[in-house]
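Both complexes below contain subunit A, partnered by subunit B and then by subunit C.
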Partner chain A sequence: MKLRKLGGLALGAMLVAAACNTGGGATATPGAPAPGATQAPVDKGTLKIGVTLPLSGGAAADGQPTMKGAQLAVDQANEAGGIGGYKLELMVLDHAVNGKYNEQQGAQDMQTFVGDSAVVGVVGPYNSAVAKVQIPISNDAGVLQCSPANTNEALTKPEFGALDYRKNFPERINYVRVAATDDIQGPAMAVYDFNTLKLRNLLVVDDVTTFGKGVADNFQKKFEELGGTVQRVGAPADTTDFNSIISAAKPETDGVYYGGVVTSGAGLLLKQLRQQGKTFPFTGPDGIVNGSGKAEGALIQIAGAAASAGSYGTIAAIGDFPGRADFEAAYAEAFKNDADFNTAGAYSGPAYACATIILKSLEEFLKTSPDADQAAIREGVRAWASDTSNTFDTVLGTESFDKNGDTTQPFISFYVVDPAAADGAGDWVFKEQLNFAQE
Partner chain B sequence: MTAANTKLSRTPAGGPGLRGRLSDLSSRHRSIAVIVGMSLVALVLPLIVLLPPFSSFSGQTVWMDGFTIAGIYVLLALGLNVVVGLAGLLDLGYAAFFAIGAYTYALAASPFTGWDLPFWPMLLVGAVVAAIFGILLGAPTLRLRGDYLAIVTLGFGEIVPIVILNSSKYTDGPNGIGGISPPTLLDTRFPTTGNPWPFYLTMLVLIILSMIFIYRLQDSRLGRAWMAIREDELAAAANGVNTVVTKLLAFAIGASTAGLAGVFLASKLQTVTPNLFRFDVSFTVLAMVVLGGMGNVWGVAVGAFIIFMIQSVFLKQLNIFFNNVQVPILSDIDFLQYQFLLYGIALVAMMLLRPEGLFPSRRRRRELHTEEDEVFAEHGDAMGAAPE
Partner chain C sequence: MTTTTTVLSARPSFVETFQRLRLGPYLFVLGVAAIDYVVIGPNQFVNALTIGAIYALVALGYTMVYGIIELINFAHGDVFMVGAFTSMFVLTQALGQDGPIDSPGMLAVVLFINFTITMIALGILGAAIERFAYRPLRHAPRLAPLITAIGVSFILQNIIQIIYGPSPINTPQVIDPAARVEIGGVSIGVVNIFTIVTAVLLMIALQMLVSRTKIGRAMRSTASDRDAAQLMGVDINRTIAITFFIGSALAGAAGVVQGLYFGNIQFTLGFQAGLKAFTAAVLGGIGNITGAALGGFVIGFVEVTAGALGFFVWGQAAVFAVLIITLVFRPSGLLGQQLGERT
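And then the complex of A and B:
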């Protein structure tokens, strides 16, 4: 009994302490310079940049390095003295439920961002399915959202039904992305498989998700157009035994395309292919290019370095971007104490670029109207970022967005597995990149 | 049961004080008690979040939006409580009915089909469609009990999302259906952001109606038949309870509540995908029912609310909270990485401390704590069971 009372007291004390300490840092106090602060930059308070990614459980391998990319950009901006007198803060929400992305949680998180007037922009999400739930909310509220990784074409392009997601304000573009869409990424690999790898008869496996099926459909369409033949199979992401699928493959099969994101599925498929003596190329979209053989849950780690030889993947972003080495060094330096995610992932750079875009828009807007209130800042940031005539110098090169919010520089980079890289654990190495802007 | 209840409450158990009279009144006028109770809750919740420990998480509109989604789980738990708590049929595939309700509305009011049927009648349609599927599932499982029934329902819960996933022609497969119309009332659309009250109040009305409905059922002949089946199916059948109809009705009513929740979810999110109805929804709802107190209607509602708030608001925002309040040490921990651990500890601790759930029904508490119940030890059960 006594113990219980003590516990209650302790809890009460904590809450009181919490109550006393709140305020201040949490919300901005516009136009109230700190007393005694005579230095040039006036402290106007704090603005927040939201991050909405799946960060826990099996999805952490995708979300954590991406989140840290955005964090790096914000930390750097703060070290440089903030922007227009404002300090910046990252507000991170995780929408993985029971270890997998969850749309309903994503919607709730977007409501949280929208409801916090200090949030000027949001980086994320990672999965296209989550974006479909979030865009109606962020569009209604007019919050800028920049996704580093969404590739589903229906999110932006009206001809694929994007207007369903911005019903109330179809003309107000609040969602931009730096990744090239699936109708570019899928066909890009099809061309590469057909022309460069000289494959003709492919086994196409998709993981029956929004992303996996979409990219595989686009791949198949282009590959068949080129004159190849495709045998199509759907296998949910948690499939563990692919032997029946491999055995059922036609004898003339000379390659595999896996449409989807590696949970364990693609890794086991690759492993079992090699065990059955099939040495033909294994190709796939950005979902399979998820880190070296040292990263937990990565394709190479599951399948093994030797089996991963002959794997080709695409990334829907610039692979060999100008500041890449500098960026990776800065990332490694900033997060060297993080045991699990101390090297940059495939979408760390794009997330960094997204944060840069939000910060740049904020900076430009504050130049013209330094005394705007939070609602005006939010709208100003959105308007500046989605203005097609503005360009951004990001780590990915010069970015700008078309009238739908898609990047005008849809680069696709090709990666191949080098089993000797990463001290023999195997890693993806950049091969070449193509700009599909002319299409 | 009503007669027995009043007789019980006249015994000194409740006492002649104000509390005794109140509980006497509320058990005789359940519907009024539910309406008053829920209205009080609905009034208090939006106010309580304005107070410090809660206000440092997020603002009032955000909290109310969270409560609205929590309400979906409250509805689900209420429905599953009928099947598991009252009728004693272990259902591990409950998310299937949730999915059926959601897809019913998604197909009825989205650009995918081109139809735009109004929300309010579709609530009823969604409930009816789910109930029909409940009967379809119930019919072949009539002869199964306990674990065997659990396996069949588990299978059903797996089948439904996979069928939705693979029948791209009718459901757009993994892409899900987007652009679903939100509800409209008097020609005004419910806003997606900004004003959470319309969705909040709609959810409140749905919960109140379902609770009244389930309370009335519980006290009816059907409710007593459910409890008889739960305790001993053979004895119930021997006493003239029609087990076929009774079980099917349990499945149908449980499913219809999930159908309601599904329609609401579809109109709230404006997008449905098969990923929303995976197995973890079924077991989360089951955990809510067990933790809330199986068989006790308001208990499972509170249990659902608590678990949902822990899982999807509290644990997710611990980082932000501790950053805002600057507690030393705690601010440096990345709580996102520990949320499974904390959630697991919370579940295990609750089960160890209160195996009968937070707010058990009187009957269940007696099962697990005979020695503490003085009234029971003296007089036995209202149904005539003697103390062991």
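And then the complex of A and C:
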């Protein structure tokens, strides 16, 4: 009797927990049926483009505008009649658990994509830690993955250990990215802090994750090379109380660099800095640039518009691309009914470009082998996209990939918070961009 | 702990008097605090006292419940979290606040209403949890209520997650977080002082309640021998329910100050804080109210000192190292007594 009651309660707790963990993920909204579909000569069926991003809770400010970038590209392709007789469907999986990206869920989602033979390519992920667990899976299966936002250099470059991730097929590149890497992004902000903001003594806090620690290491190395001094602290993701770090900052500290993402605590660090009366610049990588003060879970929303003044961040992608105005207008038109994410985010364009790259590879492959089966299409798309001699006309400009799958046009863009933007809620505004191409 | 030598001589020596007063643990904590003050400086000391006060308030609930029914109420950290959300609800929905209040009179009224409603609401929640989740299992093997407590913890987290979503949410800081006062040449945040003073006042009130009132006597007698207390006419169910009410109300107060101090809350915050408060309760001697209060402050010192010395990333490890060291070398805690195994 007693035991039965206990069992019921425990079961109830588990059900509630399960319901909640999956509850946030119901965001898959494939585009409306394409009106132009009648023009396609034959209807060969549907192929899927996967999207693997953190989409709910605090991660929504990162994931949602990025997902919608990919969605826009797929919707437009369907409206134009599909590709090679195929219609396209966006298959969206959310790997945010409790509002934060979750590696295990990301790995599980990648297994789902791999197991669905209609999936020809995947856009994502957003966080480097998730990429680390996904690449071995997609590499084994030979599924093309294009990340709009991953920046950790170890994911692609063999000299930083990338071969550990594509261990089974090191020569078969299946992971490409349009974002620049952290060995560029970190130092870029170091130069900006030193030369433009004239900072000399920085407090550098990282969130002890793949991405955060990596980018902070790169930043610190360059900043010290330039002649600045760094006081380095690790604050694990989920830290809520940064007061002891702030009080321990040396008196000569004139700025902060945060290596990490907002869901790790960047917003709280900024908030507590301002509460302790520290008004110096708050700088960081793309992890802190995540939407306006209106977006749920955004840095500016947590810290407040006024406190966010004096915040500078980088985006590891081209900010001012040629078709930017048109793209943003198309985005705003397509998602005007979405209350929270109706303006393009910093990684919407890159996600759109990733989807374009997958679709273009599909189109080119189907031109040569129109009757290939799904397994052959999957391999054909991967091979076309990773071929270093191919170029892609994307919204970001002409993209191509090097032998590791990295973009040959690594841009870093600088953003600053304008507290008056977004009707006074505060937003990130583009300042300038630099191309770090090797040649 | 017990001094086994039977002293039959007329006058106890100075040393014996000292031992009877059992000042050792207090001096130990004071010594730790004094050394820490020198090591980390006044600003960090205030940081430590502030979060220590929050941990202490939460730890009281753990220790009271353990003292009376020997249950480690793992849902208590989440009760604290619900307190923070209730406080936010009261401030934003009921009182329509969204930021600092300038007028001191107005501020006092808002805070008073907020504390009263939140503490009563959380007290009722705690008593309800006891009634529906723990009372039916009171005579079950100990593992059963422990697992139930974990279940309750999940239920509370998920209810808040469903209502408020998984993102961190800003909560109004009605005490201007940037307001500071100079005390002895040290600039201290007003909200820090408020947090510490509130916590200490609540602890004193609790101590008075337990040691001076009838209900306090009922609680103490139930704790020391439930059956005997029942035979003496103490209403056991009522006493245990009141214990849960008070412990949860204190967690509610901790939730209020958490919101005021950090200005941002999330449905997951109860887990970490709960574990640390539990550590504080064990350190102080689980079942002992004064011990839990002291333990909370010690945990605050440990955590902040790690951060102040540049080992922030080890702060959590240091706190839980304290838990392990306590359990290994002094399982009864700073102020606890060796209890015979009762079940």
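Note that in this section the second predicted complex is superposed on the first by the 396 of 439 C-alpha atoms of A that agree within 3 Å, B and C clash if a C-alpha of one lies under 4 Å from a C-alpha of the other, contacts with A are read in each partner's own complex, and residues count from 1 in each chain.
Here is the rule we go by: contacts are C-beta pairs under 8 Å (C-beta built on N, C-alpha and C of every residue); 3 or more make two chains touch, one makes a residue touch a chain.
Quick caveat: nothing in here was measured; it's all calculated off a predicted structure.
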Worksheet entry | Partner chain(s) touched by A:Ser56 [first = subunit B, second = subunit C, both, neither] | both
Worksheet item: Touch check for A:Gln105: first (subunit B), second (subunit C), both, or neither?
Response: first
Worksheet item: Given the touch rule stated above, what does A:Ile137 touch, subunit B (first), subunit C (second), both, or neither?
Response: first
Practice prompt. Look at A:Val208 in the shared chain and tell me whether it touches subunit B only, subunit C only, both, or neither; answer first, second, both or neither.
Written response: both
Discussion item. Looking at A:Ala80, would you say it contacts subunit B, subunit C, both, or neither? Reply first, second, both or neither.
Written reply: neither
Discussion item. Per the contact definition in the header, classify A:Ala339: touching subunit B only (first), subunit C only (second), both, or neither.
Written reply: neither
Practice prompt. Quick one: classify A:Leu268 as touching subunit B (first), subunit C (second), both or neither.
Written response: second
Discussion item. Let me test your reading of the model: by the given contact rule, A:Asp238 touches which partner, first (subunit B), second (subunit C), both or neither?
Written reply: second
Discussion item. Is A:Gly297 touching anything from subunit B or subunit C once the two structures are fitted on A? First, second, both or neither.
Written reply: second
Worksheet item: Do subunit B and subunit C land on any of the same subunit A residues, and which?
Response: 14, 17, 19, 56-57, 60, 98-100, 208, 234, 236
Worksheet item: Which residues, counting only subunit C, touch subunit A once they are in their complex?
Response: 41, 43-44, 47-48, 50-51, 133, 136-137, 140, 144, 147-148, 150-152, 154-155, 158-159, 161-162, 165-168, 170, 177-178, 180, 189, 262-264, 266-269, 272, 303-304, 306-310, 312-313, 315-316
Worksheet item: Where on subunit B is subunit A touching in the complex?
Response: 52-53, 55-56, 58-59, 61-62, 65-66, 69, 110-111, 162, 165-166, 173-176, 178-179, 191-194, 265, 268-271, 273, 275-276, 278, 280, 284, 311-313, 316-317, 319-321, 324-327, 336-337, 339-340
Response to the item:
Note: in the complex, subunit A contacts subunit C through residues 2-3, 5-6, 9-10, 12-14, 16-17, 19-20, 23-24, 56-58, 60, 96, 98-100, 208, 231, 233-236, 238-241, 243-245, 247-248, 267-268, 271-272, 274-277, 296-297, 301-302, 304
Worksheet item: Touching subunit B in the complex: which residues of subunit A?
Response: 14-15, 17-19, 21-22, 25-26, 55-57, 60, 91-94, 97-105, 107-109, 111-112, 114-116, 129, 132-133, 136-137, 140-141, 152, 154, 161, 164-165, 167-168, 208-210, 212-214, 234, 236
